[in-house]
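Two complexes are shown next, each including chain A; its partner changes from chain B in the first to chain C in the second.
After this line comes the complex of A and B, so read on.
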């Protein structure tokens, strides 16, 4: 595997993603959401700092997820539809390099998007902080940026999952549905697992349901790990070991799923 | 301006006027529809929590806005809150989703205490806040306020204010108020212990000096209290005692 080839595909993917008109609309939407936050913050009594951070971080998450699902789901498909993939693969690029390059490009693109949204969020908080400075006494910027970092990790992990589904099927609707389902499962599985674990003594579950939930808990990515919005909003410190462990979890999961994507894609017949 | 342009402008103005009239009519119809079909449904936090995924906090904020608008509407239309259960259930959902969000505790307990005279329900909400916001003085402070202002229980109010004083961020005047409450409920010894604690834990020397001054007067009250007790004991034993003996 050659880094130069991967870099070239990553750059191409980034440019392709940037070419989509939807991107600009989403970025505009993020700035619009930020403006709404400034207006809404005034509706609250004491926890204005908490509300401002809630809204800002939630808008960053929401916009980056739209960006990811709408751009990411079509990346390989666009290459197939426009026949670019044949052109790339006829050059000295292996299929593995193509997949890793695509993933790197997509991660780079989404991270750039999140950074732009974060700048909008940062400006919003600065404005609200200036307007209601008395309510921002306990506010810690580092926690705000840690929450954004954790979100970038989650988006990177979701990128690898989208790419994985893109190698299994060439139907954009199926890719989108599977990716969104994985996201929903990933966000809720931890809560459902612990909820059901505590409930089984009262309401016994069927063998099948219990085992499916257990299996999903270990197989599906636990995306709730990356949700640090509450910590940022309430200024609850996060340990360095926790941040390190979620980073390690995301990296290992991405490597694992990308390896699977490479294996599947190398064996696939292109349409 | 060309004739055709004028024609388009006229059509646009007519359409705009028609839209505006329709909008007014629809807004009125919509209000009637909303009032007729108002269902006060609430999704329990056990379901709304997992459903909202990573957007729990923003859901809390929106539910709190719903709580404010609902209460405001009830007060505007009826001058009184009729549906306390709805307010309590909504507060419970919000505080289950985000236990550290202070605004819903504060808003609900104050609304229930001021407008519905249900002080025990208000105190119940504050009890939950005490449990969830361990290092926050506000739940104790407002519980103390309800005991002092509404229930006229100075002893209990004093106890809560003392608890509030010991937590970070409490106002500077609070220890004096707590000491005053304890002394006026004839709990002078408790007031002295509390003031000693505050003197020991206050970094600001000016404030500490004010506490010392207050402690001095409380100690004098204790002295009088002891003397009074001594006098009444003697009175019960039917032995005579002079007033100069008590004062000395």
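After this line comes the complex of A and C, so read on.
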């Protein structure tokens, strides 16, 4: 695999994504959410700091997920449906370079989006902090940025999952549904797993159900690991080991799923 | 040289997944520096064959070799240019940006690349719109942009799928001139077209395909020698 080729596709993907009109709508939406947070913060008497941080991180998360699911998910599919993929693959690119280049471009695009949303979030917090400085005595900026970093990792992981589904099916609806389902499963699987494990003594589960849950727990990405909003809002410290662990988890998962995507895509006929 | 050996490609179609034979036990060679024309009715398997040569789809049976390399190997496309039937590029990008993309993967120096880009833009009349978004291009302009992008890396093998479709007579003349120029530079060219005049004018060898098979092969010099009308031959062969 050649870095020059991957870089060229990544840059093309980034430019392609930036051209979508939806991007501007989402960015405007983010600044609108930011303004609403400033307005709403005053309605909470005691926990203004916690509410403001939680709201801000939530809108960063929400906007970046919309960007990912509705802009990012269509990029590869557009290449296939509009047959622009022929333009790329008629040049000396391997299918693996195409997949990795697309992933790199998507991650770069989504990370840029998250950074823009974070700037809006940062300004929001600064304004609220200035308005209600008495409530922000315990607030730690590093926790706020760590929560954003963890979110970037989660979005990168979701990017690789979207790409994986894009190599399995060329149907946009199926890609979107599969990706959103994976996100929901990934966010809740840990809670469900432990809840069911605790309940098995009271309500016995069938062999099939128990094994399916066990398999899902290990196969589906555990996205709840990347949700550090509560830590940032309640000033609960995050250890460096934890940050390193989730980084390692995300990178490993991305490598494994991208390898699978490359294998599947190299065997597929283009429509 | 391109070697096509007993190549078969089937597609599944409809709810019942009935099998359609797009290409059926096809064997022939395309020699270096020759211009091959492939003609045939709709569904003859022409585009499927081109897609297999470019590595977009894999044959179910048989094999294709381009300079002894599989089309699935990216090295086989190191010096290949392709103009699809309906060229479509990223709407929000400009021709300049797509040139930049092509430049990033080439070994040519910047000066030579720019010179070639300018030559192609002048030839196709797109010089003044190189910085305009492709969404503002007409169908004919997109076809011309496709020609520029197919030829920008100075390929040795050029594949044209219905190159003159959607072009006005002047643009068709420009494209014919470009292809003749490529011929004079000893490039290997494959042209798939419904427009028999173009094929007759530009190609050294002509293959008539129908039902995924080669129905007839002609050398242009034989057609000229025998004063054979290609349209007549085509109708007689296919009907």
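The rule is simple: the second predicted complex is superposed on the first by the 271 of 271 C-alpha atoms of A that agree within 3 Å, B and C clash if a C-alpha of one lies under 4 Å from a C-alpha of the other, contacts with A are read in each partner's own complex, and residues count from 1 in each chain.
Everything below uses one rule, namely that a residue touches a chain if its C-beta (ideal position, glycine included) is under 8 Å from a C-beta of that chain, and two chains touch if they have at least 3 such contacts.
Since the structure is predicted, the reported quantities are computational estimates derived from the model, not experimental observations.
Considered on the superposed chain A, chain B and chain C are sterically compatible, since they fit side by side. By the document's definition of touching, of the two partners only chain B reaches A:229; chain C does not. With both structures placed on the common chain, the touch criterion links A:92 to chain C but leaves chain B unconnected. By the touch criterion defined above, A:188 reaches chain B but does not reach chain C. Looking at the shared chain after the overlay, A:270 reaches chain C, while chain B stays out of its contact range. Of the two partner chains, chain C is the only one touched by A:84; chain B is not. In the superposition on chain A, A:16 makes contact with chain C only, while chain B stays out of contact range. In the superposition on chain A, contact of A:49 is made with neither chain B nor chain C.
After the two structures are overlaid on chain A, the closest C-alpha atoms of chain B and chain C sit 34 Å apart. Judged by the document's definition of touching, no chain A residue lies at the interface with chain B and also at the interface with chain C.
Residues 4-5, 7-8, 11-12, 15-16, 18-20, 82-84, 86-87, 89-94, 97, 266, 269-270 of chain A are the ones touching chain C in the complex. Within the complex formed with chain A, the residues of chain B that make contact are 46, 49-51, 53-58, 60-61, 64-65, 68, 98, 100-103, 106-107. Chain C makes touch with chain A in their complex at residues 51, 54-58, 72, 74-75, 77-78, 80-82, 84, 86-93, 97-98, 101-102, 104-105, 149-150, 153, 159. Across the complex, chain B is touched by residues 40, 43-47, 50-51, 54-55, 57-58, 61-62, 184, 187-188, 191-192, 195, 223-224, 227, 229-230, 233-234, 236 of chain A.
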